[in-house]
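Next come two complexes, and both contain chain A; in the first it sits with chain B, in the second with chain C.
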Partner chain A sequence: MAKNKIKEPRYHIVKRTEISASKAWIIRAAALLSALVVCGIVTMVCTGDNPISIFATIFKGAFGTQRKTWITFQYVAILLIISLALTPAFKMQFWNVGGEGQVLMGGLAAAACMITLDGKLPNAVVIILMILTSILAGAVWGVIPALFKAKWNTNETLSTLMMNYIATQLVAYFTIVWEVPKGSGKIGIINQNSNIGWLPNIGNKYLLSILVAVLVTVSMYIYLKYTKHGYEIAVVGESQNTARYVGISVEKVIIRTMLLSGAICGLAGLLLVGGINHTITTTISDGQGFTGVMVSWLAKFNPIGMIFTSLLIIFMDRGASEISTAFELNQSFADILTGIILFFIIGCEFFIRYQINVKKDSGKENA
Partner chain B sequence: MENKDVAVSLRDITKVFGKVVANKDVNLDIKKGEILSLLGENGSGKTTLMNMLAGIYYPDAGKIFINGNEVIIRSPKDAFELGIGMVHQHFKLIDVFNATENIVLGLEGKLNLKEAEVKIKNICDKYGFDINLNKKIYDMSVSEKQTVEIVKVLYRGADILILDEPTAVLTPQETENLFNVMRNMKKDGKSIIIITHKLNEVESISDRVAVLRHGEFIGDMQTSKTNAQEMTDMMVGHAVSLNIDRPEPVDPKMRISVENLTVIDEDGVVKLEDVSFTANTGEILGIAGVSGCGQKELLRAIAGLENVQNGSISYIHADGRREELLGKTPREISELGVKLSFVPEDRLGMGLVGNMNLADNMMLRSYRSGKSRFFTDKKAPRALAERVINKLQVSTPGIDTPVRRLSGGNVQKVLVGREIASRPKVLLTAYAVRGLDINSSYQIYDLINQQKERGAAVIFVGEDLDVLLELCDRILVLCGGKVTGIVDGRNTDKYTVGSLMTQKGEA
Partner chain C sequence: MFSLVAFIPRAVQQSVPLLLGSTGETITEKSGNLNLGIPGVMYVGAISGVIGSFFYEQSVAGGELNGFLAVFIPLVCSLIGSLLMGLLYCFLTVTLRANQNVTGLAMTTFGIGFGNFFGGSLIKLAGADVPSISLSATSAYFSKTLPFANSTGWIGKLLFSYGFLAYVAIIIALIAAFILKKTRIGLQLRAVGEDPATADAAGIDVTKYKYVSTCLGCMIAGLGGLYYVMDYACGVWSNDAFGDRGWLAIALVIFTIWKPDIGIFSSILFGGLYILYLYLPSGTHTEYKELYKMIPYIVTLVVLVITSMRNQRENQPPKSLGTNYFREER
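Let's turn to the complex of A and B:
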């Protein structure tokens, strides 16, 4: 009687003990491919166009012309710098979701130097002051939640998040103070004629951010992997008990690391204001303080891996907006496509961590 | 399968994790109303096998029969429906709930705590459990939590109970209580499988003993017809000597002097009260006591990790200079030139970093040294990791393997290996052999004895009185944070120490 009840499950989900790097990358590639296929289908249903031209449009959006390619790499550079800034904090298991605010404060400090020092100091001095103050402003914005955490063990997710709102409001306030012309609610291009505080062009106007990004990537890689600070960050992130047991001052490491994290965010703010936009708005960091969290996680906190994950996200983002303009759809359509892509990229981590065992001989035992 | 007396039959059970074969073609029967001991070294597949019976894992091959019928156990829920209940080594209780709430948690149907309480009381009376149903889990001792787990399983109607190393955390008295309850359950016709490393317990409680080695079933026999030596040899696969050496201390000199130490924790609970003792070179000082009587705080205080209210801890150099350790951080202590090593109780949560590889774990103690101020020296820790692997016979795929992948015994060898590598003057160990199999345990005893012979002052916190009595030169007994006695390890017995552990000394 009981024998009839026996029904072997068809599959089991089992946690993988380990997975080879190549296999993991094959899974990620498959996920990307599936994302493109689904994007193609969705676009086809909505626009009636053929998928090949849709994919061509995505590619064209990111790399269609030389100018577009440069802009893509510039976007990658900024996102990469912000992601790298967040990485040491995340590796320490300090959930810094305040990248947004730290970038804004860096940008605000740069803009303040440009506006208030115009005509008072030589350009070179203004730029040096911009660099110093924006890095300092980002660092201060990063270290405030760290001090609270170290002193009173407050939840850093909440405090870093709230610091974002304060930064946004500060920028909004100064936008009104410095608005040009009065009543427009905008600052406009700062020092359009004198170009005081504009970061110098090397080669072309895109290259500076890219070079800074390369420099920060290599330094961060070395910092995390080969230095005593990097080692302390890893130990504190894995186990604060172990850190205390070997005499690492957890509080000191948290404060030091958040100073660094905020400082690099401030640097990104400097590049955005002084190098790229030459103005400041409340949306200048465009959510990259949050996108950077994803870039960092997807690359498992490996700075070299982050080059690829940030490129992937920017490529898809720019491709998606190209589709919406080429096929005369609004920006929401680009958001839908980005959503599909992220769903697949994040979802594939499940298959990297788990495997599904299908029973081949399940029919036999039912007899 | 026709035998009516058999409750559970496992046939040709195989389970593979990646490349590791955890169980291979295991055949095992458990009769009704029987207590079966499952013996095996760490990593021999005992827990994996039982997890398949409890629905945590699913076998890759093989069949399970309950009362003669073939069954499929997909989940713990399936297991409960078949009357199988497992009490895991790590308790799965909700701290802020009381005993009753935890026991009924997850059951379907209307929630009626009054009714449940009556039913639970009946179970407790029947088998002789002593439990306060309204006590919150966070207020409970380890032994009380374990009782809740067992009652939880019985409440769900289990006829087949699996206990995974239930005595590892219990005092001798608590163990005896547990065994009485188990005997009552057996009289009631329940089948019990107990996983344990302690051979004297196997002998006192079980009817039959089954041995696993490297995932394979080696054999089973009536407990009454075997002895500790035979069981050990089966488990290990070759003959093992079951004696712990105790060399005479050579020229003992005072190394650590603790005076009037008082520790009060954040909640105002007195953990240590007016504790004074000395630890000498070339000597092992054992610390005995029931769990939570202050051993942990004592070691942490000496290592510079505890907030101390009062007292002093001095380190006496070979030339007679005294150094006060209280109020100093571990880093400051080591900068004073005090070579102090500490093997903490929580190996992966404190002594090591589970996700880091062997070499990086070796670096925990030494990363501040090296030529560069800024960069770490990776070569020395790698060389040390190689040396520890060779000298202590750590079984690992390599020095780049994360330590959490190693079995318990190997994790402990890595930790002890690192701590003795600095040739310590003081060695603190907390539960150095907890959860370790016989072979690994004896290796650790040997290592500790080697440190004693080279002149280190060893402080050994242990839970197994038999081991403390065989290994230690002197034994300090703690009870409720007070010293109730310091006895000579060679001239005392289990009962003297046991009674000191449970009664407070004159206040």
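Let's turn to the complex of A and C:
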């Protein structure tokens, strides 16, 4: 901090030994509140509207009508599945920022089944094949960087990142191969008339993704908390040397966890292509592979906490896009607001982990 | 017809943003900060310059631009914009010790959003009466080539046909390489990146080194964004046009094994790979072009794996890369 030799620092930062859960949540809530205030001010400057109607518009964008509410929850479900997929990797300190590519590959596999098997096999068989291939494709895309990491300790942040772009170009390639009509550069709705490979509607067309998300959340919670695999992931994340010492094969854990991580991303791709959009584009995952990293981290890798963090992100996102539509601004406004909220929440973790002691005049012991 | 004299200048033009980005990131990483926010910083650097020059062109309104101000205003705006991003990153990761990966990704989300938002809404917000952001007058000053570029034949075309920021990029890379390798400041910076606890014990101000190198790195990277929009794109802002160059710049750091002077040549190589798809034959199959566009990423991945396979001591990333330093935590 300040110049130590001349005068003693006026404050002193110490690591908290423990903090009550309620106090931690008060700090987080305060950070979120300040973030919302700053977001309100920024929006006010850009639109000239008053803050109350700004927040009313945000709320209307996310929960204004029954349909909007369903769509919001569907978005939350997809983001939640992707975040949950990344979580076991992060818990073992493997920075999988390749969610984007893994989702795309899952989606590509599903689209491939829908297009090539249309009219050749019965619908049920096509759907089963879609589920298998998209999970497999995601897993393969996730395990390639894991193999490099396990064998040669290749930096996984950069290798997973490169895999994203390779996946994007693969999708771009097949988009042109399968484009309808020729020369449009788009695939359009696949099997619009036969509906082959469209995942079945449960109740309404939004509920399927939400149910899958609930299932994945509960399973991931149990997997991480109560199984041997989950425990091994935690040990590897804390210290690879400790893990080796107690006889855990670190390489095996890395490969196994990334297979799982990629497989669940592939599942998200399946839902996006087979259940929601019924088409594939290079931007179908819309940056959620990256957003998922932050959702997962903000929730401290806790699957239940992720329900709230993904809801928060989607809520702001949908709300901000309502504002940009209402004031004819660019849709990227949502990213700015999301960024502001993230900065505040990232920053507030400091006050949860550390304590600032302001120094009094008389000498306390102070290293 | 493939012509090397036509190909190389285009590759060099592609390489400048990559070179500036990777030089900035190298300096940052040498202090132990893995700044994944560079793509966002480059967007902010670009749009800040655009905003500055947009208002300057508006204020002159049809009249003649002052050549010095036309370059100076966007340059300063761009530097300030990326400096603020750098300070934000340092405040969060160095002072508040937040996770570097998450902070960087949040900065990228924010920065790209910031760029696209102001790029898309600037005209409406400023109440200006123009159909799109097209700063061709300013761009003309940025892309002015050296006077003898056209009179010296192919040599002129290869060496002198670029805007001044291209030469600035090379000079910055050389200076950065010199400082890192040969000076005391460079030695101390590397010490901070390798082992901050030891550096701290030796009396080096770790916080100061991390702040200065990260902020400088961001400012250099921001210039890459400015070059792209003012010179390469002729002053026309279009959303998401800058694309993934920020991520490629980060990958290039590994490709150059943390040496900015090697970066000059490897960025030109990358620039070439980036536009290679335009030159490879694909006949009637336009879809092959999409496969060719994969080449730079596959090459990066291969290099990444090979450097980790060879595992030589001098080719490794700074040891404390990605971790934050807290004096009382040993």
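Here, the second predicted complex is superposed on the first by the 341 of 367 C-alpha atoms of A that agree within 3 Å, B and C clash if a C-alpha of one lies under 4 Å from a C-alpha of the other, contacts with A are read in each partner's own complex, and residues count from 1 in each chain.
Quick note on the criterion: contacts are C-beta pairs under 8 Å (C-beta built on N, C-alpha and C of every residue); 3 or more make two chains touch, one makes a residue touch a chain.
Fair warning: this is a prediction, and the values are worked out from it, not measured in the lab.
Undergrad: Between chain B (first) and chain C (second), which, if any, makes contact with A:S159: first, second, both or neither?
TA: A:S159 sits against chain C, while chain B stays out of touch.
Undergrad: Does chain B (first) or chain C (second) touch A:F344, or do both, or does neither?
TA: neither
Undergrad: Which of the two partners, first being chain B and second being chain C, lies in contact with A:F73: first, second, both, or neither?
TA: neither
Undergrad: Thinking of the overlay built on chain A, is A:W141 touched by chain B (first), by chain C (second), by both, or by neither?
TA: A:W141 contacts neither chain B nor chain C.
Undergrad: Counting touched residues of chain A, say whether chain B or chain C comes out ahead.
TA: C
Undergrad: Looking at A:V246 after the superposition, I want to know if it touches chain B, chain C, both of them or none. Which is it: first, second, both, neither?
TA: So A:V246 only meets chain B here.
Undergrad: In the superposed arrangement, does A:D335 touch chain B (first), chain C (second), both or neither?
TA: second
Undergrad: One more residue to check, A:F301. First (chain B), second (chain C), both or neither?
TA: Neither chain B nor chain C is touched by A:F301.
Undergrad: Does any part of chain A touch chain B in one structure and chain C in the other, and if so which residues?
TA: Of chain A, no residue contacts chain B in one complex and chain C in the other.
Undergrad: In their shared complex, at which residues does chain A touch chain B?
TA: 2-3, 6-9, 12, 16-18, 226-232, 234-235, 238-239, 241-242, 244-249
Undergrad: If you look only at chain A, which of its residues touch chain C in the complex?
TA: 1, 13-15, 46, 95, 97, 148, 152-155, 157-159, 161-163, 165-166, 169-170, 172-177, 287, 290-291, 293-294, 297, 328-336, 338-340, 342-343, 346-347, 349-350, 353-354, 367
Undergrad: Can you tell me which positions in chain C touch chain A when the two form their complex?
TA: 34, 36, 88, 91-92, 95-99, 101-103, 105-121, 124-125, 207, 239, 244, 247, 250-251, 254, 286-288, 290-291, 293-294, 297-298, 300-301, 304-305, 308-309, 311, 317, 326, 328-329
Undergrad: Along chain B, where are the residues that touch chain A in the complex?
TA: Interface residues on the chain B side: 17-18, 20, 58, 69-72, 74, 303-305, 329-332, 334, 342, 344, 346, 349-356, 360, 363-365, 367-368, 373-376, 378, 405.
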